[in-house]
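Next come two complexes built around subunit A: one with subunit B, the other with subunit C.
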Partner chain A sequence: MKRVYPNREYCIGCHLCELACITAHSESGDLIIAYTQEREAAGLSPCKKIFQKGSECVAISCRHCDDPSCVAACISGALHKDPETGETVYDRGKCVGCWSCLMACPYGAIRRHPVESKIVKCDLCRGREEGPACVQACPNQALKYEDRDE
Partner chain B sequence: MPQFPNILCEVLTVLFQPINKNYHEFIIERDKDRCINCQVCVRQCSYEAHYWDDNRQKVMHDNSKCIGCHRCEALCPTAALTIRRTPSEFRPNANWRPVFLQNIYKQADTGGVLLAGMGSPVDIPVYWDRLLLDASQVTNPSIDPLREPMELRTYLGTKPDRLKLLENGQEPPSLQTEIAPQIKLDTPIMFAAMSFGAINFNLHRAMARAATELKTAYNTGEGGLHRSLFKYGKHTIVQVASGRFGVHRDYLNAGCGIEIKIGQGAKPGIGGHLPGEKINDKVSETRMIPIGSDAISPAPHHDIYSIEDLLQLIFALKEASEYRVPVSVKIAAVHNVAAIASGVVRAGADIITVDGMRGGTGAAPAMIRDNVGIPIELALAAVDQRLRDEGIRHKASVVAAGGIRCAADVVKAIALGADAVYIGTATLLAVGCTLCGRCYTGKCPWGIATNDPRLSKRQNPDVASRKLVNLVNAWSHEIQEMLGGMGLNSIESLRGNRDKLRGIGLSDTELDILGVKHAGR
Partner chain C sequence: MKYVLIGNGVATIGAIEGIRKHDRQGRIVAIGSEASAPYGRPLISYLLAGKISPDQLALRPDEFYRKSDVELRLGTTVSAIDCAARTVTTSTGEKIDYDRLLVSTGGKPFTPPIRGADGPDVYNFTNLDHAQTMISLAKDIQKAVVVGGGLIGLKAAESLFDRGVEVSILELSPRILSLAFDANAARLAARRLDEVGLSVHCGVTAQHIDRDAAGRVRGVKCTDGTYIPTEIVVIAIGVVPNTDLAEAAGLRVDRGIVVDDLMRTSDENVFAAGDVAQAKDLLHDENRVVPIWTNAYSQGYCAGKNMASRATPYIGGLAMNSISFYGLPTISVGTVNPPEGEEGYDVEASLDERKQTYRKLVFHDNRLVGYVLVGDIDQAGLYTSFIKFQLNLTPEMRQSLSQGHPDVLLWPDRFFDDTWNPNWVDKD
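Up next, the complex of A and B:
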């Protein structure tokens, strides 16, 4: 399946991917409103996070693992593997906020929702015509959306 | 966390600063309605002009630190930033222009030599703009490059005095003359010498890959060649300069040509100094000097004090490379360039590269850069004419460098007598450079003239090499169009064909040196 692959070597730590992510997942679809209003009011937050140490940085989001630990750990059935697309799908309605998946994910790719008892996880911008917003925004092609299976 | 942590608060005022710090060049305009305080600009500015102000809980800036590179403006996700020249103006004075005032204030503070980066910005005539190209009408047909073959291929190296053919009746004649080694270029545009160290490894890799894809060449500059790039050797000209950095037998045999750098257009007559901070592990192993030590290129080659000495070095290099590759000699365009070029060719150079005074540099004293040398157009015309007059033009190819800005400049250079051109500044512009001219600080916000790992990774070689390939392909198409319009179908028919040029608004002396007629004649 197609996944978002970060390239640590050329990630410049600009955080534009995070901004693209919240814009794509906002009500308004407008970065300025999303960042200054929806973030405060609705706890809108990015599904990906930049980890940085010295000159190294990397943008981490859900890997949509073939054998996802989060799905195994989820107590309420809020996470499942879509057999067709291969994506690890999150059903917000079922999530009870137990943080089991958070502990289980080996990549630290799941984060707590800042205000609700829910998680925040990458959905590959499902339904977005141009594909994942972070990939489109990255100024240094440090994110690639491609199929590297086999 | 901002990438470049900042000393907060104090920088807000100019209190405690030298009084003339307020005479800065740029101002940062931040549109309050658009700025979301995301701190992208804070992370991007390597000069720490933007910072997070904890007291005010918002992003603030210090105009006096901005050097006008536009990196923040380019990456601000809400287009909130505009970088402007400061509107503050000194009283107009045609003689004491602001640059002189600023420089004097600066030197009165520091007592130091003024440093500068990139090519000279001073207002010396640009003859390319005063030369016009010809086109076919009625009497000779123009050629459509999309429908008919158009040859941009060219060969650099010494050509034989005459060809000897063996003819024996039935069989086709065969060539008896042995042809000296040549560098084959599919387009007459090469990437100019920019050393590994002055620019970083990512860009060297990008140039090597682009030159290979384009089937042209790039020049290593004086900093040696990292072993991992030896595989691009067929499209690499290796340089030997006065510091002899990274020169060893494998290096000399790694490329398709060897260039002896005598001078550089931006700083004729002086050497180079790459500060120790730029010498990281990779640069150190390539240059063969210790990490952190200054890399100093002496002004002269200490073994070259005459044309005879140069001859010895040329042949030493030919011996070392077993006469497999042509040897080029690069000189800066100075007053006696034509006579010097004649000597260089007689000394055995297969290629002579002439670098004009508008050529770029990573660091040069501003006084030298802005006042020494002559423009490439005049130098090129003078060199080509001199070599023709002496009947030795075929003995060496002529490469023009220093100030080539577009495809038309390339065409004009070839019509003035060049076999090919080097592009340096244009190469860097293609990967983002905005000519801020602070290459010598090691803080290049575009990740070009820096080896700081946080900055150099801003150049992804995949992106950079694609841009370089695109640029040269675009120019090559334009060259084909211009050639076709003149009714020519190859670079060979344009070279030195000054009849295809006319001068506009030039004096008789200038026309005479350029060897072109005035427009209308």
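Up next, the complex of A and C:
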């Protein structure tokens, strides 16, 4: 399956992927409204996390693992692996906010929603024609959306 | 190939998903003694608290079983396994044959000998029936005593309290959550419960359950001499492996059903997973029963793959719990209390009583082997990575962890690239 692969050698830590992510997941679909209003009012948060150590940066998000720890840990059935697409799918309605997935995911790819008892996790911009917004927004090709399965 | 799965828990879900990853054809029969398809067992406290409705309990939607081509046999109890004939017999006398069998019969509530415990008004809290019983009870009772201040006991207590019942918790240890937590974390959790109005009594347990002439519970006499009037007693000390079926079948049983690295029991066609299994542990060089949700799924999943003849070693269980007490989130993973008198352990802890946050990291021989987080839990997964991947720590890594900054960029470069950016080809 196609996944988002970050490259720490190219990432410049500009956070544009985060902005693209919140825009793609916003109600308005507008960067300015998403950033200035929806972030504050609705707790809109990016699925990306950016790490920086000295001059090195990387922007990570859910790896859609083959054998995901989050699915094993989920007590409510809110996380499951779609056997057809390979995606690790999150059903927000089923989530009870127990944070088991956040504890179990050794990639740090899950965050708490700042307002609701829900998680925020990459859905590969499901339904977005151009593919994941973060990849499209990356100015230095530090994010690639590719099928690298062997 | 015909697979038969005994058990109604998450290990069964794991097994179905593990089998179907490699075998789309074989027949799967899943037998559960409860009336419902596998549900989120920890959700029973959410149900009792009124936070979710019964239709939110199912771990997988109905179509999952149809799509995975699983024949679900609910409300059916297996009474015997015949390993030689490769059949199981149900309590109605029906024989079902198998090529590969999974035993995931889970745990059963542990009840210590307490005088007066036999009879009405004494309950456990480990399955949906128990939760439903308590939901109907809660309308009519004012007082409850919960015996056991571990995870199950506290969640039972909290949920009853949310239904308007006055609850007292008895915990024999000097502190609540003695297995999953250390003293600081337990104190923060106890304080939160206390602020809300739950009454926690540590260092005491029920000496005898007092009944009236009609045999109904009217109070609990505690080991310290106090008497707590109550209408019901909930015994929630924990669970022990439900090995009866396996023992009767002649499978090797120690504390739980002993399995090898492929989750196989002493019979080559029989596998075991979940709270009943005594399986490899990631941090300890011995098989253990670790009744933890995540392990149950992972063991079932691993067993499923192996049952479908895809040899997949189990990486080993890791104890982990995530639980919130009235909005105070807590997470504990791995070894949180270094075994007394053992060398090589080192602890770094940081407590902020005012903010009600706590972080404790346990190191052993240059590795992170456990942690506890209270309040601020957002970095949990990355701490888990250092334990799970058994990364050797440089002084720089160790310092960052101790300061509360676990970071993927602290991982060794090669490991980082293999994980995040494998098979990278610069095409441009």
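As a working rule, the second predicted complex is superposed on the first by the 150 of 150 C-alpha atoms of A that agree within 3 Å, B and C clash if a C-alpha of one lies under 4 Å from a C-alpha of the other, contacts with A are read in each partner's own complex, and residues count from 1 in each chain.
The rule is simple: contacts are C-beta pairs under 8 Å (C-beta built on N, C-alpha and C of every residue); 3 or more make two chains touch, one makes a residue touch a chain.
Predicted, not measured: the structure shown is a model, and the values here were computed from it.
Legend: residue contacts after superposition of the two complexes on their common chain; A:55 is shown touching subunit B, with no touch to subunit C.
Contact with both subunit B and subunit C is seen for A:141 once the two complexes are overlaid on the shared chain. Counted by residues of subunit A touched, the larger count belongs to C, out of subunit B and subunit C. When the two structures are aligned on the shared chain, A:92 is found in touch with neither subunit B nor subunit C. Once chain A of one complex is fitted onto chain A of the other, the partner contacts of A:12 are limited to subunit B, with no touch recorded for subunit C.
Of the two partner chains, subunit B is the only one touched by A:35; subunit C is not.
By the touch criterion defined above, A:102 lies against subunit C but remains apart from subunit B after alignment on the C-alpha atoms of chain A. Contact with neither subunit B nor subunit C is seen for A:128 once the two complexes are overlaid on the shared chain.
The residues of subunit A shared by its contacts with subunit B and with subunit C are 7, 52, 141. Interface of subunit A with subunit C (complex): residues 5-8, 51-53, 56, 58, 60, 63, 67, 69, 71-73, 75-77, 80-81, 83, 94, 96-100, 102-112, 141, 144, 148, 150. Interface residues of subunit C facing subunit A in the complex, by the touch rule stated above, are 14, 17, 20-21, 40-43, 46, 51-52, 56, 58-60, 67, 293-294, 297-298, 301, 320, 322-324, 329, 331, 333, 377-382, 384-385, 388-389, 406-410, 416-417, 419-424, 428. Put simply, subunit B touches subunit A in their complex at residues 1, 3, 34, 36, 38-40, 43-44, 75, 77-78, 447, 452-454, 457-458, 460, 462-463. Those residues of subunit A whose C-beta lies close enough to touch subunit B in the complex are 7, 9-16, 19-20, 31-32, 35-36, 52, 54-55, 137, 139-142.
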